[in-house]
């Protein structure tokens, strides 16, 4: 096995496409090193992208934010302007693991690990975020929704990796929120996750919304029926009931050591409702 | 030597006992200098690793280690074939658990081990070992294992207490109690019948098992390991390997938690055998995954309870049938559960029946008051349900039925002075009990009991020439016991605490000591320390009398010095310990005191816990809002560490109640062998844990000490469950009260 | 003669006698006599028992004295964590 | 698999070591450098017993490769006291009896120090959440949290 730590994206792309055997990207390493220790992954090459300065940046771009693939959760949490624009995305990233994990874990790593329960992914999908994928054939932008394809699997081609994630411009009276359910107060994997991003008009009527769920299907779910339940409403009780119902209906979870089908289905609606109310308050609340 | 000075408990004014000095090993532990099990190393050391069965139950047809042996860097490979045959049944089970014989009996069961130049080579070598398994039907659930057609782990191992015709997995039947249950139940206004289940939990010590073995070609061996009992390790390994106990010296490292889980051996005999074969020291450290899969979790249980109560809250009879699976070998703590289930209550009619059952799970080990928390969960839940059903205060009902001095205990003997009633009254008077509750909040109370015991104990106390004192004792310091021993020695000798240093001896330095378990150390080692100090004092009195030229009877020890007993004995200024120490060579030689004793006479300990919970009715999440532990400690030698035992035990119990469980899949394999999904409480899950120490002296100890370590884990399971029931109106009879279980119950209401 | 209370499993093995009289002045004499007079108790006694004498629990100490009026209760061998 | 040569700074000492590409920083500290104060409780980032500071960030050394330490600074429990003088957190842990077995203590101290560097006046809740990645099985956390809050108060007074 070898360890390489290129200092530019081009070098990394070159190294990745020319590596023989299995090559894994090492960003925060909080999933990969655990999987290697458990013998689940045995890469021939580890490509550490943390020495690439460009991937450490949080950059304002077209009113939105571009977040490099090597930016840790802690760094995102300390970026006041980013937190102000996308509190739901940042809180989702900051829920991943302990303080110690926050010092290492990256949002791009969370995305590419492709766990159905990844905390940041529903928030990114609700935010309509776009991943910038680089590879031997150049770069392409892909909706975050389309990166994971199933548990542990992504749509990335051989030789490709996610270099950054773009959060679009945040409009006025818009906000997002993410909630997850875990049995303890910290240190667990989401049993259910729900993210809501919405925009209110001056009267408090919801004009746009995206609702995404985690841990209730093989990959993140964008629940358009749930968004439709909110749009045009004042986020009053009937709208929230409809939202919760749509989320529970969309959820197609499995039963496993972390939760039952019934529990996940039920709580998906509960969390979506609560996240909506938080996003509403953040967006300026009812008129 | 007579241990006759036991009656000063309770009236004695202490100078040091009861204060809170800093622990002597503290600086090493806050600076990283303290050496724990995995911190040991030796020149030329190899690294050992274990191959484990992926099957819950399988015949081992053959093991081919040829390729592993041929791998460069591999120095030894062992399988069961390399171990001698053992006759003693208990030792044979321990050996079989350390290294499988004909059958692998659980997921994670050791089947082979290697010693290699590095961990990487050792792990590679394991992959080269070919084991031919023939998988067998398996069973991991206690009730399923008791069905007559269940897959059998062992042919005909049941003892004579088991009636014929039952599943071969039933190993023993226990029965306790007195009176006439049916008559008692007939006198009740209501008889409650409930079935309860608890899942297996793990002690969850943060330090994985680790050891370093070095066996010479002459057969003399040294072993360093983290254990609750170096003598137990020595004796068990010697028995397994056919060694003489005197040829194996075991030195305990600092121990990173045990809670009962380090009262047996797992790696140690394997490391010794690997070292013997390799001719080099071998170090072995378990991974966390191995700790969960292949050390000794506690039993999972299934318990039926019938309790009768009159409408004014008098319990007329209590019956429980308890089924505990203890993993793949006999010996689940169902006997302890059956004895302790009703111990807090004064019952005319009481009966418990316990069934010891084997399943395809790792061999259980002791876990803090082994067997008692599950039984208390069942009984304390049922009493709570009955009390609330009659509209009675559950605390008053417990007071009304509380065992007290003179009560015939449910397990047989008559209680001497005990502290249960004191803890209940203190609970009733505590502001917690009357604090207001908000919506979705509930309060629960529960009692708990543990026997405590003493056992073989040696202490050697040496007076150095400059008058400082060293105490050698043979029980690993698992939570501040060096401080307690130093305090008791200083108290007895009348010298400052700082003048005493307590060390934990290796097996070559003292006689046999029982394991650090059963809440025995402060009681038994404390007793031996006091007696050793008294022996030294007697000697010092003799020396001073000799110097003064008077009779030894004419002097007394007072305030750290020898004095003439009266003016008639002559005018001699007091001779201090330091002064006597300085002239020891001139007066007969070094001065020491020692005590070797089987310390019987431990006092039982009772506790009452109050828990407040808040339940999220939409998700089933339970938050612990407030928690208070009230327990009888006899005499709290170092109150900080008594409080620490109360708090730590309570939080382990809270974890057991809410989230911790061994989860087995349909394939019979453990699904949550890590701290991610075996969810022990984290700091943000908890409030401060309030404590109230009651002191009802134990007449069997010179200072009145009772064991305190185990009782605190007994009440929390029921206290939390009762609080959740109070908050939600639904009663969970299956632990843990995980959110999916609770939400389903709330929605079904 | 001290009367010895037996726990249920032991009693069951000697036809339900939950209390027996045993001539014994020490713990050792007690256990030896029990084994002699009630061979059916032997397997359990050999596996180990604890004994409560006047409410205090003893495990092994042979010469623990027993008075004629002592309350003696056999218990399953105590374990601890 | 050839060894990697790493030059780094540990507890202010310039340090060089060789390690395998897949060897964790924790293994390097413990097995190659004799710094056994950082403990391995899980090897998967779930217990915090191996907490160290890497370039001023709190991390689990079991989730960092030794090779990643190249050119960086590492601080471990062995560097926390200055000569004979304990850090206030170390002192308060002793005074409050915030340890029983002591295996989690080095990790808690490193994590608590990182907390107080960022939040000199944490609430009890902030301290509990910050330290949620450090498991303790002995104490129930009560005395640990008290020690951290008391150390914070003393450090604020000392300015």
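Letters A, B, C and D name the chains as they come in the text, with residue numbers starting at 1 for each one.
Here is the rule we go by: contacts are C-beta pairs under 8 Å (C-beta built on N, C-alpha and C of every residue); 3 or more make two chains touch, one makes a residue touch a chain.
These numbers come from a predicted model, not from an experiment.
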Pick out whichever of the two, B-C or B-D, is joined by more C-beta pairs in contact. B-D
Measuring centre to centre with CA averages, how many angstrom lie between subunit C and subunit D? 54
For subunit B paired with subunit D, centre-to-centre distance based on mean C-alpha positions, whole Å: 29
Report the inter-centroid distance (CA atoms only) between subunit B and subunit C in whole Å. 25
So what's the Cα centroid distance for subunit A and subunit B, whole Å? 44
For subunit A, write out the residues touching at least two other chains, lowest number first. 38, 185-187
Identify all positions of subunit B at which a residue touches two or more other chains, and write them in rising order. 203, 259, 675-676, 681-682, 684-685
Quick check: what residues of subunit D touch more than one other chain, meaning two or more? 20, 43-44, 46, 129, 131-134
Those chain pairs meeting the touch criterion are A-B, A-D, B-C, B-D
List of subunit B residues in touch with subunit A within their complex: 289, 618-621, 658-659, 663, 671-672, 675-677, 679, 681-682, 684-685, 738-740, 743-744, 747
Which bits of subunit A are touching subunit D when the two form their complex? 1-3, 5, 26, 28-30, 33-34, 36-38, 46, 48, 50, 72, 74, 97-101, 103-104, 185-187
For subunit D, which residues are in contact with subunit B within the complex? 20, 30, 35-44, 46-47, 49, 76-78, 80-81, 86, 90, 93-97, 99-106, 109, 124-125, 127-129, 131-146
For the subunit C and subunit B complex, residues of the former touching the latter: 5, 7-9, 11-13, 18, 43-44, 47, 50, 52, 54-61, 64, 71, 73-81
Once bound in the complex, which stretches of subunit A touch subunit B? 38, 181, 183-189, 191, 256-260, 262-263, 266-267, 270
